[in-house]
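Several structures are given next for inspection.
Two complexes come next, and they have one chain in common, chain A, joined by chain B in the first and chain C in the second.
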Partner chain A sequence: MSRSSRLSVTETQRKSTPVVKKAVIRSRSYDGDAFVNLFAHRGARDIMILDSHGVPLRSTCSQRRTFVFVSNLKPLLFMARNVVRDLDPSNDITFMRIRSNMGEIHMTLGTDFILIVVQKLRRLRSSSTS
Partner chain B sequence: MSAEIEDLLKRYQNYPNVSGIIILDPFAIPIKTTMEYTLTVHYAALISTLTYKAAKMITNLDASNELVTIRLRTKVHEVIVLPSENYIIIVVQNPGT
Partner chain C sequence: MSKIYLKAMEDVVQRNTDNTNRITEQAQGFVVSENAGDSLLHTSFDLTTAQSIVKHLHASFLKLAQSCVRDLDTDDKLCFLRVKTRKHEFLVSPEEAFTVTVVL
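Let's turn to the complex of A and B:
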């Protein structure tokens, strides 16, 4: 996929309706143009924003793909949070990164929302220590 | 086998800010550790369960994909888990801000 077609795909996906409709008007918008374009430019394939309970609010990919990712990642996220709290109750997880052969999944856990960025690798590196 | 483990330990110990290294076998039994024993067992039990779950999740998302590494960044430190065929290497480091 070339860069321009990836950007156009992101442009198209961003216009779709949000996955979950909420009546409350939020004071912040998480998927502004600069945010999504910056991530897309740096190799992000999908961006998902969940609330603190794991309900998807916004996504740049389709509803089906969002559901697949969230149903797999949400129990893993809460398990990681429990692991960190179990090791040290005063500690808390802030960021999680899962690297696989083909891509990376970055998860940021804030107090109000959870941000998931799925990223592809440019080339396959032989070293796995990063 | 033992020489290989020693090489792994020396390799990761040389990095700055590393505060603990644990090497587990595939059954989550600690082989080598630079941390206190009770803390090692605690880390081994929790991190190995998380690693197996993450590996299963990655395979669920894409069958040809494989887990390479996990990084857990917390407020105090960062835990890096490197699962491989024979070992699971857990490195705890304190990254500078």
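Let's turn to the complex of A and C:
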């Protein structure tokens, strides 16, 4: 996780997010690095930013890992959009959260970008289905 | 097969009426479907809405989410799924034999 990568993430974040998101970011910190550091402190392991077509733009993890995540999550994201559209044509998806035994994946689907935050749990949690 | 599930489902519904009422107080409704045949077991919605939720969310989207989590890490397993939209929020909980979806 290089420093320039973190800065790039914040720059892209500031450029592409709407005003409301900017306010949210500012309420945490004015420093871009602190934003990423706060995420890491709260358990976020990786942050990826994709454009609306699913092409990864910035990431805090390696290129290979980013590719693995994006290639798996991209069909899920687009199917989620289609499913919500099928259930109610006037509705639209804004956020999705996948909870598994070892971690969580949070996906924010904006109009201009897609933000993916991968979060790992502290301890292994036994599943109720195991 | 479905009759066994149906009978067991009726027993569970009888025992958990308080929980069901508590869920419906805070949510718009819930849908319970069987995993094997993706058939509707119990719901508080009307039949059309429940069938569409089972068809879209449980039958196709949940299966894709489970396979996606499995692809990322073979030891991992999907516990819970939340889909937040502008109007509602779908909370999907896949269990061994049943899948429960609560719509907030």
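Everything below uses one rule, namely that the second predicted complex is superposed on the first by the 91 of 130 C-alpha atoms of A that agree within 3 Å, B and C clash if a C-alpha of one lies under 4 Å from a C-alpha of the other, contacts with A are read in each partner's own complex, and residues count from 1 in each chain.
Rule of thumb we're sticking to: contacts are C-beta pairs under 8 Å (C-beta built on N, C-alpha and C of every residue); 3 or more make two chains touch, one makes a residue touch a chain.
As the structure is a computational prediction, the values presented were derived from the model and not from experiment.
Engineer: Consider chain A as the common anchor and indicate whether chain B and chain C clash or fit when overlaid.
Structural biologist: When both complexes are placed onto chain A, chain B and chain C end up clashing with one another.
Engineer: Quick one: is A:Val68 in contact with chain B, with chain C, with both, or with neither? Answer first, second, both or neither.
Structural biologist: both
Engineer: What is the contact status of A:Leu87 with respect to chain B (first) and chain C (second): first, second, both, or neither?
Structural biologist: It touches chain B and chain C both.
Engineer: Pick one for A:Met102: touches chain B only (first), chain C only (second), both, or neither.
Structural biologist: After superposing on A, A:Met102 lies in contact with both chain B and chain C.
Engineer: Pick out the shared contact residues on chain A: the ones touching chain B in one complex and chain C in the other.
Structural biologist: Looking at chain A, the two contact sets intersect at 68-69, 72-73, 75-76, 79-80, 83-84, 86-88, 91-103, 128-130.
Engineer: With touch defined as at the start, can you tell me which chain A residues reach chain C in the complex?
Structural biologist: 68-69, 72-73, 75-76, 79-80, 83-84, 86-88, 90-103, 125, 127-130
Engineer: In their complex, what parts of chain C are in touch with chain A?
Structural biologist: 52-53, 56-57, 60-61, 64-65, 68-69, 71-73, 75-88, 94-96
Engineer: Using the touch definition from the top, list the residues of chain A that touch chain B in their complex.
Structural biologist: 68-69, 72-73, 75-76, 79-80, 83-84, 86-88, 91-103, 128-130
Engineer: Can you list the residues on chain B that touch chain A in the complex?
Structural biologist: Spelled out, the residues of chain B in touch with chain A are 42-43, 46-47, 49-50, 53-54, 57-58, 60-62, 64-77, 82.
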